[in-house]
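Worksheet for the structure shown next.
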Amino acid sequence: MLRLVVRRLLQLIPTLLGLSVLLFVWVRLLPGGPAAALLGERATAADKAQIERALGLDQPLWVQYGRFLERLGRLDLGTSTQTGQPVWDEFTRAFPATVELGVTAILMAVAVGIPLGYFAARRRGSWLDVSAVSGSLLGICIPVFFLAYLLKALFAVQLGWFPAFGRQTTGLDATEVTGFYVLDGILTGEFDASWDAVQHLVLPAMALASIPLAIIVRMTRASVLEVLGEDYVRTAESKGLKQSVVRGRHVLRNALLPVVTAIGLLTGGLLSGAVLTESVFAFGGIGSFIKTAIDQRDYPVLVGFIMFIALAYVIINLLVDLAYSLIDPRVRVH
Amino acid sequence: MSTKTDKIDRLAELTASRETTTGNSLWVEAMRRLRRSKMALIGGVIIGAFVLLAILGPWIAPYDPTDTHTWRGEVLTNQNIFVGPRAENWLGLDHLARDEFSRMLIGARQTLLVGIVATLLGFTVGALIGGASGAALTLGGAAGKRFDTVVMRFIDMMLALPSLLLAVSIAAVLGQSLTTVMIAVGVVQVPIFARLLRGAMLAQGGSDYVLAAQSLGVRKRRIALGHVLPNSLSPVIVQSTLSLATAIIEAAALSYLGLGNPDASEPEWGVMLAQAQGYFDSAPMLAVYPALGIIITALGFTLLGEAMREALDPKLRS
Amino acid sequence: MPLLSVDELTITFSGRGSRDVQAVAGVSFDVDQGQVVGLVGESGCGKSVTSLALMGLLPSRGVTIGGRADYDGTDLLRLSTARMRDLRGSQLAMIFQDPLSSLNPVVPIGVQVTEILKRHRGMKGEPARKEAAHLLDRVGIPDPTRRLKEYPHQLSGGMRQRALIAMAVACAPRLLIADEPTTALDVTIQAQILELLKELVDEEGTALLMITHDLGVVAGLCDQVNVLYAGKVVESAARRPLFAAPTHPYAHGLLGSIPRLDAPRGEPLRPIRGSINDRIDWADGCAFAPRCDSYTMECLTGTPQLTEPHTPGHLARCVNPVKHEMHGDGGDHGNTADLKKTEAGS
Amino acid sequence: MSLLELDDVKVHFPVKRGVFFDRTVGHVYAVDGVSLSVEAGQTYGLVGESGCGKTTLGRAVLRLVDITSGGVVFDGTDLAALPGEEMRRARRRLQMVFQDPLGSLDPRQNIESILTEGMTAHGIGADAGERRKRILDILAKVGLPANALSRYPHEFSGGQRQRIGIARALVLEPDVIICDEPVSALDVSIQAQVLNLLEELQESMGLTYLVIAHDLAVVRHISDVIGVMYLGSLVEEAPSDLLYAEPRHPYTRALMSAVPVPDPVVEDGRERILLTGDLPSPADPPTGCRFHTRCPWKQETLCATERPALRDVGDGHRVACHYAAEIADGTITRAAGEASPASTPETSPV
Amino acid sequence: SERDDDGGGEGGDTFVFGAPGDPGSLDPALASDGETFRVTRQAFEALIEHEPGGSELVGGLAESWESNEAGTEWTFNLREGVTFHDGEKLTAEAVCANYDYWFNWTGTYQNKAISYYWQTVFGGFAKNESKDTAEPNYKGCAAQDELTAVISVNEASANLPGGFSLQALAIHSPKAIAEYKKESATGEGDALTYPKYSQEAGTVAGTGPFKIAEWDKGNQEVTLERFDDYWGEEKAGVEKLVFRTISEENARRQALEAGNIDGYDLVAPSDVEGLKDKGFQVPVRGVFNIFYLGMSQGANEALEKKEVRQAITHAIDRDNLVNTQLPEGGVVATQFMPDTVDGFSEGVATYDFSTDKAKDLLADAGESKLSVDFCYPTEVTRPYMPAPADMFELMKADLEKAGITVNPKPMKWAPDYLDATENGSCALHMLGWTGDFNDGYNFIGTWFSGFDAQWGFREDAVFDAVKAAESEPDVAQRVELYKKANEAIMEYVPGVPISSSPPSIAFSDKVNPPEVSPLTQENFAEVSFK
């Protein structure tokens, strides 16, 4: 187990290094530079040259990359050109928001998707199955940003059930500990803050969950159908076990294996969705931050954030693999 | 002795009634299953209608989709005045007083184009990479393995980036245009196709018929290209149908992020949706038309793709 | 009264968009207490489907089941699901063909054994574990307490099948159905498993319905043998008479096509023509007719009935049964060579 | 000189593992020193339990797996030393029939294309017409209808598919055909058809077979010489009848006693030698005699420490057992309790 | 909109305003963008301010001011009894401490990205570190007595006295300035790092009606609290003021509609009516900006021909743009200056909408087959330009009707579009300007005082007219010179002035909104709940 972790982490090094080179080249390919972004309509050519010189952007690419690597060695990812703040600070600020959102979305998708997929499979061909399947098809086909917009228009603006933007009611005095607001509220005993944060999470998480939900429903359904036809389920039935035992221990436990792997892979797609949902709900997480960074040619943020994301993605998938190996004894031998 | 011939005839007659006459390749079989599938039927009808509209659009469209002069002054967005469906404009006028129906028709063409070109790009490049990798592994040898490792590391790198981010990154470099959208959406598909094809080839490469061909003395290159590759294509083909749906949706997302092609001379559903969202309160239908267009088309491709997946599923083969 | 009496069991699969398949076309046989009854036939003749029907394990949709299967006075085919669940595992037990796929890969062996004890014997915790270990020991698994914690993939094929048998006999069932329990195993392991089954039957008085395609296995184990062809029993007899004088051309042909270890080399095999797919519907005549060397016009008109053409208790479904010269009790080595077949009707 | 000779062939599959770069941490000793010779026009049968290395050995002959060491001399040339292209050409004379008839046929090729492929690869047949003629010829020989040509593998029954596999090998007019479990996927009645076909073909075309199977009865039925494999090596080799009459190796004896015979009379009277335990893992084979962990005749000395060589005991009978002679003349007896004479009493018919 | 009260925190006395963007720093001296100033303006005051709701200069921290004849010495009579947030008193010395601090900036502070407004108004620094930096015009600041400060410059400038009203030159507490000096901005790596004090509340201290209490970057919120020792008679009307960034236009509107915020800026013109119908308040600001179609002659030779430029001007239906796209109160612009700025001329040459005239002119110039690149920004709304893509599409249709082929070049606003227009690589493009203070030079001086790649022409008649106005110290004289300059510019038609329009701002029906300002300098102290 430990070997696996170490091995996977070591394998990460060349990948990340390669990625950093790619990113570095990429951001330098972007037209325009940070100067115009800083000055807006007021920038003149001379102003821009001055800024670029000051920032060392007139140096050859490899020199810039060298400096970047050298700073990376000091665990310094540089400073955002938009905000003038260390990239690390920006990341730690944005990260909890997206994690909170993503985790909520995945939890929603799992909590709804697995039972739905399971019952759709059990009652194959019933109206439940048909509507679960068509619903999940729709979930994949509806553009996330449009869904987010509709949800907001209906539940926030029309009905006023949920707040329309942000992570927290403005002006709410909540103590920040970890940056995960729901958790913070629980830690500090400010349960109203937790509740507030939960309310803010509902709509964006619903929008974000649409695709994972659809995928989980379909995967669970297909997987359960497959497992239902497996010999060991027949064995379990032949033992006269209670239906609940057959379903839980024999069907679901096996059927969920591929779903678990899928959840890991879904996290990648989740960030795509987060870029869209966060901007609709002004959620201030990684997604919207990266979007502005791209718009504004915020080189250090782009390189830093994307490296973090790649790292996070790999680590999540590593965790999922580990989780997988906990449920599936067959892969434990590695 | 007539009994002997009689009984042979009788037997022939009885067995004939059970005979299932086939002579079809797997593809033909799959097509037959496909034709029976309700999902495929719905998907096919949707796609057929969509393609027809895309092709005939310019001829059916009653007006020039970029004409802002004819109804000038009737739509005042700053005063919340829009024009809904009416006799001469079946779907009403858009926010710049252009005929929405004509725009939807012409938009179908652009949307289809984006989907097809992007998927084609992803398919071609991905299949080349995955195919080369898979072939290198099938041919064996240390060099093949090393080649595969390098290529797969690269693909992993691409996969570690959220697809939309990748697309946005590409679009940022290339500047805004329809071509950019196609490329950005296409590139995102590359690692998917590459992995899929490589995986399938790897699986096929271990099968007995490959060994059989090898023992026949067939050259490795021919084994890789003549046996392994064709047998690995079905998941890739299914994926390309599904990718068409994804491409259309991703293109819409890019438009929403302002990286689409907001040029009026080329109305495209994604752009139309992104633009109309700003007027959702006053003229929701302007957003609903292109949104429905996108959803239904994507649904069509997804349905067909899923049906194909089922039809080509080796588990269902007799 | 037999323990299980299957009467005219028919099973029809009707899939969407495809033709109905009558997998079992009227099967009848009896199983007595403590008896080993064999069900033999080629792949696809309906053996597994029959056993699944008896256990109530066929899917409820798309399957039509007809006939009766009286077990201890009740018709298994019409039992409520709940009643069936109570019977399964406690009075009726089953062993399947592929020991690997028949065990849940993600649940330890121990749990898979104890769950049946919990369900039917109300045992819990330590006693259940002890009993499970005892059961594993009973079926010859060494170091049972350690094995309880292991997963199926950590066991060898023979061990897995033993574990499955342990589960099947956990509640001392009155009827054990074994569906090709040794097909996936090597001969040396097969011998071990067959020995184990024999032992269990002897000791517990359990009735065993042995399903197999291997006539050798049947010859060594069964008291009564039913030969199945295309969903019908075509011959049914006690073990010795059947092997000594197979009466239905199919049973006869089957015996003739098996290479025997003890036959002298060079003895050619006498295969049956075609495959099980070359058949006609029972309604039109004898399903075996297309492969039969001696079919007549009679064979092509109407379903042949199960009769006792030569000796009482030796049933065959054939209008032109194979005739044998009478032997003494039993037979000698290599007796297939001695069999003489008389072409009836030509 | 024999047509095909294997000389101490070893095939070891490396087991790789590692944190960063894969290191070889051990080997699966799939085939571990097999020497045998197959005479022209004869059938050599190879039996053994699952996983003992039969398939690997068969593939090693055709160099479909890498041979770790040893020689495969075919008609005077050492195949193990041939460069790739020459090996490819050499395969024309050495063909193979596979266990899984469907899996070994490319599902997207019709029969004609399956059968021509080998000919094209070796430049056999001047033109398409000639090739077609040859194919039709072979089809008739293996008992397939001529209209089969345009059909696809999935449209045939198991037995027919195996015939296609045989035809595919035959079109190249090979000298040797290696049959890897040619009938074990087939029903008994079909099995007999295919076995008969193989025999007919051997007679009419003068083929040499290396038949691999786990079913001793099948092997005995068609082989002239039988080799018994256990855990990667031969434990006994003898002419077919001799092996049946006088099995010398304890493993062979156990194997033979375990094969069920479809005759109640025989079955009821047979002595059964039940082996305990399972086949050890070829990645970690026991020391000394590979069989000593399960051997009912195991002795204190030698068995666990020294690997017995395959010794000729006369009449072309070779045995790899230290105590073969002692077992044969009864000076060594089986450990008690391991065997049970079958004594099920006949129950009367219902 | 029932939820407003929990939006107000404990007291319900919290006013939340939706801003389109984050501030860059809490120290206005380091900034040049409106979003920063909107926030800091509530906490910092300059020597001179604009009248509420207008563009006239009135006393700020200085009750009155005067200059010598030559416009080189500016004397300020400071208000009495003004207290900074940190308890310091406002004195002439405090004022000079600010000005001298800025003048003596070194290092990264001399970067234009940080000290844009200082450099615009006063040129360079005490010790210029780069040759790109202009010579300083600032000479010194003297405290004549406790409440009289004299700031002297080398030469008169049109940027004075307007410059003294800039938020970037607002006065900080001397104690805070001393703190500021301990830190500095750095330009390491490839970005500027702002000093820490400017990024978190606590150090900065001004005199405004609010003091900055917290900047929650994660939530993009700046919280300000009422300053009870404010010198004005009216203290702030709400206890807490929160600026919450919501960059999406739609999202801001929905937040207001959902009752999550109490007001927001940059309302899309298309939303105005809808908001009004739902009972929201959408007060109209005064017009103080200009939106124009720029022409870069360097990018397309045809544009060097006056007829072509005229033709383009005739081809565009500016009335339609204003009628359908711009907010109520918008007018078609005749020159590069709104009519609210002194120097606006009634006598400039005008060009009516006429496709025929355009065609004729093009034919005359031999450019009937004209094809031009037309750049336009996406994903942006500016106060003067609510829906750039839509306006582009309308203009494109107009131009095409006149026979001009238009090649669309959509680009991201910053930096692609800004870079491209700045370089002069966009033949046609859309831009605009919102005035900082009421002086003509703040508009036309920016573009037409000399060669500028954006326009790509050298026309001395235009340049001279603009420069003449700039160096004229007498205000009345200067206004006349601006009028002349405007006429010269419109004679030359370097581009098409399209419109001047008031950017809309919206408030909830539960509040008394502040008086809106043409300079978008709303004072949120005037806000209170009904």
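In order of appearance the chains are A, B, C, D and E, and numbering begins at 1 in each one.
Assume a contact is a pair of C-beta atoms (placed from the backbone, for glycine too) under 8 Å apart; a residue touches a chain by one contact, two chains touch by 3 or more.
Since the model is a prediction, treat every value here as computed from it, not as a measurement.
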item	value
Contact-graph distance - origin chain C, target chain E	2
Greatest separation from chain C - chain, by CA centre	E
Where chain C and chain D are represented by their mean Cα positions, the distance between them in whole Å	30
Centre distance in Å when chain B and chain E are each reduced to the mean of their C-alpha atoms	48
Separation of chain D from chain E, taking each centre as the mean of its C-alpha atoms, in whole Å	89
Separation of chain A from chain C, taking each centre as the mean of its C-alpha atoms, in whole Å	54
Set of chain A residues in contact with two or more other chains	31, 149, 153, 279
Chain A partner contacts - residues on chain E that touch it in the complex	1-3, 6-10, 14, 16, 22, 24-25, 32-33, 108, 111-113, 116, 130, 132-133, 185, 187-194, 199, 217-221, 223, 240, 242, 244-248, 250-251, 254-255, 257-261, 379, 382, 412-416, 418-420, 422-423, 431-433, 452-453
Contact footprint of chain E on chain A as seen in their complex	31-51, 53-57, 64, 67-68, 71, 76, 78-81, 83-86, 93-94, 96-97, 149, 152-153, 156-157, 160, 163-173, 176, 179, 279-282, 284, 288, 292, 295-300
Chain C-touching residues of chain B, taken from the complex the two chains share	3, 6-7, 10-11, 14-15, 17-18, 36
Touch list for chain A against partner chain C, complex	125, 230-232, 234-243, 245, 249-250, 253-254, 257, 327-330
Residue ranges of chain A in contact with chain B within the complex	14-15, 18-19, 22, 26, 29-31, 137-138, 140-146, 149, 153, 268-273, 275-276, 279, 290-291, 294, 306, 309-310, 313-314
